[in-house]
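Handing you this structure, nothing more for now.
Just so it is clear, A, B, C and D label the chains in written order, and each chain counts residues from 1 on its own.
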Amino acid sequence: MHGPRTSPTESRSHPGTTDVPLVEAFSHAEQLTYRLGRASFRPKPVNNTYKMDEDQKLSIDELKKIATTLRKHIIEMTTAANSGHPSSSLSAVEVVTALYFGGFMNYDAKKPDWPERDRFVLSKGHAVPVLYAAMAEAGYFGVELLKTLRRLGSVLEGHPNLKRLPGIEASTGSLGQGLSIGLGQALAARVDKTKSKVFVVIGDGEMGEGQVWEALAAASKYKVGNLTAIIDQNGYQQTGATKDVLDMGDFQKKIEPFGWHVQTINGNSMEEVVDALKTAEAVTDKPKMIVSKTRKGYGILPLLEEAGDTNFHGKPLPPAMAEKALAMLS
Amino acid sequence: MHGPRTSPTESRSHPGTTDVPLVEAFSHAEQLTYRLGRASFRPKPVNNTYKMDEDQKLSIDELKKIATTLRKHIIEMTTAANSGHPSSSLSAVEVVTALYFGGFMNYDAKKPDWPERDRFVLSKGHAVPVLYAAMAEAGYFGVELLKTLRRLGSVLEGHPNLKRLPGIEASTGSLGQGLSIGLGQALAARVDKTKSKVFVVIGDGEMGEGQVWEALAAASKYKVGNLTAIIDQNGYQQTGATKDVLDMGDFQKKIEPFGWHVQTINGNSMEEVVDALKTAEAVTDKPKMIVSKTRKGYGILPLLEEAGDTNFHGKPLPPAMAEKALAMLS
Amino acid sequence: MALGELSGLKLGQATRDAFGDALKDLGAEYKDVVTVDGDVGNSTRTEPFAQAFPDRAFNVGIAESNMVSVAGGLASSGKTSVVASFAAFLLCNAYDQIRMSVAFPGLNVKLVGSHAGISIGEDGPSQMGIEDVALACSLPGVAVIVTADGPSTKAATKAMLDHKGPTYLRLGRPKAPVIYDADCDFTIGKANVVKEGKDITLIANGLMVSAALDAATALEKKGHSVRVLDMHTVKPIDEAAIIAAAKETGRIVVVEEHLAHGGLGSVVAMVVCKEHPVPVSFVNLGDTFAESGDGDGLLEKYGLTADSVVNAAEGLLS
Amino acid sequence: MALGELSGLKLGQATRDAFGDALKDLGAEYKDVVTVDGDVGNSTRTEPFAQAFPDRAFNVGIAESNMVSVAGGLASSGKTSVVASFAAFLLCNAYDQIRMSVAFPGLNVKLVGSHAGISIGEDGPSQMGIEDVALACSLPGVAVIVTADGPSTKAATKAMLDHKGPTYLRLGRPKAPVIYDADCDFTIGKANVVKEGKDITLIANGLMVSAALDAATALEKKGHSVRVLDMHTVKPIDEAAIIAAAKETGRIVVVEEHLAHGGLGSVVAMVVCKEHPVPVSFVNLGDTFAESGDGDGLLEKYGLTADSVVNAAEGLLS
């Protein structure tokens, strides 16, 4: 079963980077998509907005299968690259899966510049493997491209680069900026009177950046009902547990007084993630926050424990460990 | 009754600024101090820390008189300079008066570099006229110097300059940095095992700066019991009322979840200010915040209303208005 | 003597005022333009636009980082974002946001920094943009414009909106002497020869173009033929104009209201060394913060005057 | 061929590792030193110091603005604050805090930026400090140091702690070829002649000193006599060494792992134009962000190699 062919041409050229051989190499490759027996995952246009038909919507079980596929991609591509942030990517898999495949986001992988699309901003840009995996499965480009992660010339850079990869909505990697960018996109939709929604995923360590709190206040001022943020509260940041480095404690208590609608959930439960996104969808008069309590490295936790490092920040699994991880996920 | 003579020599030289003629001109002038019939306002050293004798402590009435003196200085010096921020200065008069003259801060105007002094950081640096007025009355320099505010060569710059004026603890003017600086000073006292306390005054518009929220979180991590911050919530920022520009609403609700001890008071009531500072003094296991609700331009409100501008941001009173204001305060 | 007086110039609008007027005037035609402010729209003069087009104007409060990234987000959705603050707060306080939310993705954001230079006066160093050109030029792909007077600022505002991609426009607070006609042209990257001459070239931008013209007047009286270039675009630099100056006049003085490091002088020096080495002198703020004081007094004290330019030129001419 | 191989250099410590070791070793003697980190102490290598002196080490989380101002506050109370992050985050994300909480008051804060340049590799542009030298030099009164190898970084770390006043130290991520002896001296503001020569001078710093040495080796084989200057201090610049190079060798190539704007090249150009105009060529990143990829591949792709230096030199020598 094949999904749509994709052609991720470099519509936006990069100064100083004229060659993108790896993209070309894969641009005509077969698109494997999510291998679930569904014909295509492209939402159909309905009344000038793209909506998914009810029968196209995936069940929780199907979403869980995609989540597992994304996890495998994450491990494979970071181990192949011999660098990257697999554990940071793994904690956010359920949220990203639900957004891209649960019918919460309107997009067209074949028309990534469609102005009325919904936007996904990965503020914790170092977790981009989860996003690349989702984009590949959604049909933005071939899954073969994933193994070029971080290689010279590849559009799959170590952090998301809006200029080189269509479908990327924000160039992140310097933590703290994504919510503000998303707010700008939410306001643009207001100016243009479109129905675009914006989703932003933020790290719990990243919440230390003051800019996020600036954006929380401003989003509340403008009552942007089309903005949903998700904190991937996986309990760790680069140099240790968040409770040791900078304990932000209970995000719900801190963010509700900023005028947001806030929910706190188990973000590694697909059921809870889908429910929370539905609840948030129904709130349209203020910005919405989902505090998504997760485990960093979720899916392969026993292996991280075995390795004696349940943070496992910013390092790929060594090949042998990756093999075990893939087996564990199968 | 004369206070101590002062000699604000340029102990720290400024690159590119070799001449300080205006300082020299006033360095031997008589020090008028606060004209309350008290001999001196220099706290005496007690057991290697400077403490004010009980009989040296000023009454609420005496503090109110000083407050009025500071208000007059503020108006006179900004009108003389034909620029500056009188309304921003006036709202904070009670807080600054209580800190410098209510026995809450240990300092020695004749030894501004005394390592164990308490520190005052005016994060909303544009309100520096209130600080200069207090410093003059406290004996850091002669009150005659006040009329050199903002004049070329004067150490009384438009915003506080630590390098040129002994007794200034932080160079501010770019909003948002003072609480972090104060936190650094509070931590230094911990490293040095001194009893130094730090007081920081922040604007309510300034609370929009994310850096302040970074500092709130970090101060809580380090449980700095020697740090007290005061938000001068005067309801206005540069371009309008805070509720229109960026409504932070109830600061107490937002800051308590950050792990601070928080009080909300009428900050133009000397009684409430003194009480709140006493309460804060007794809390030593966490950082302390006083949300000081004030009126911008307090003391001359009828005149601002008459002028049709109750913000009156960043402009001096025209001479005729200043005359009325001084009369109103007498 | 007031700036521009010696060369017969009349005081006109401050460049920030000209920008504000132009932005508002262009607002109806340029429907994609939105403004993002950080509580200083009454200082930067975006206020008239905001009053005329309230649905397209956002004031996010005193939060420059958020301000810039919001502008980036708006631009990534097709808007032409004009984001304005004091040069010092825009460039210094939101630099990383400019880098990552604007320059790296190459978005169509117009960065506008007012209160540049020490001529802002009494508020003092915290409010003075003295490093903004260095910082703006250190952002790959960002065009950097420093206008000299009201008319050219109006034209530059339009050119900036027409230009695709990130740009920085540096504006001053005090009234500026009028050099150009009301209907002058403005081409990004193309320096203007405001006075011809063959013995030496004075290259300047911003308020210092007037100082250079005054200096030229004084030098001509002493018998020297002086070319004056308004190098209003620092990036991309007009290499041809610099090379022509080096070849045809053999000596150059660069004048700017900015630190020595990373300013126009450094850009000119690199071009000259690379293409046609000749002696160059520099008139700028050096490596120091200034202080509070009246604007004219500060320019005098820190040597940003026609006299300084004359001295520098005579050093090269002798 | 690996960097330094042609000139017989062996790979040694990364400069960030040398800094980390030196800081920890000096910690006991320099009792006033405290560190302030922003959740990257294991990358910048302040971690060993923090482990040895936990009461003098503060990790404020991912909050660079607060980090820098806290360091300023500590310094205003007499501490020698060492504040470290990636160069890009330290300089770009906390620039205004450096300006106002450190540079303007002239406090004794040691700014340390690791992961400078494109040689950090796979993480890509968001993590690469390519503008940090321009930004650091735009801070009045701040000394700016870029070390080439492990031994000189150790010596520079000590010199930096001994120096009163704000300084910036730029560090790299990859292992660096060893140029200096283990007990080498380091004087802020005094360039080192690492190789004598009379036809041309290559001025470099950081990793590019090795590239310059390789280029010199190649050029000598072709019969040219090449001087190589390690210009480890960009501010205050060693004008005498530059003037001597201009006068004695008549040609200069400046090599650095940094944008063209505001880097070492621009500083050298200003000195040369002012004091003794001669042709200068520049090898640097130009005006572009790089991309993800392996460090060596990136240096190659963006032309930061001995070959580029040889080409530039031959352009001047022919």
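Going forward, a contact is a pair of C-beta atoms (placed from the backbone, for glycine too) under 8 Å apart; a residue touches a chain by one contact, two chains touch by 3 or more.
In this text, all values refer to a predicted model and were calculated from it rather than measured experimentally.
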item	value
Of all other chains, the one whose Cα centre sits farthest from chain A	B
Chain centre separation (chain B, chain D; CA means) in Å	41
Centre-of-Cα separation between chain C and chain B, whole angstrom	36
Chain centre separation in whole Å, for chain B relative to chain A (CA means)	47
Geometric centre distance via CA averages, chain D-chain C, whole Å	30
Numbers and ranges of chain A residues touching at least 2 other chains	15, 161, 171-174, 176, 208-211, 214, 217-218, 221, 246
Multi-partner residues of chain D (at least 2 other chains)	60-61, 63, 65-66, 88-89, 92-93, 96, 99-100, 104, 125-126, 140-141, 287-289
Chain contact topology (line, ring, star, complete or other)	complete
Interfacial residue positions of chain C with respect to chain A in the complex	34, 36, 55-56, 58, 60-61, 63, 65-66, 68-79, 81, 96-97, 99-101, 104-106, 140-141
Residue numbers on chain C that touch chain B, as the complex places them	37, 39-43, 47, 59-63, 65-66, 88-89, 92-93, 121-127, 286-294, 297-298, 301-302
Residues of chain B that touch chain C when the two form their complex	14-17, 81, 83-84, 125-126, 150-154, 156-159, 161, 164, 171-176, 205-206, 208-210, 237-239, 245-246
Chain B to chain A touching residues, read off their complex	208-214, 217-218, 220-221, 246-250, 253-254, 257-259
List of chain B residues in touch with chain D within their complex	12, 15, 115, 119, 161-163, 169-174, 176-177, 180-189, 191-192, 196, 210-211, 214-215, 217-218, 221-222
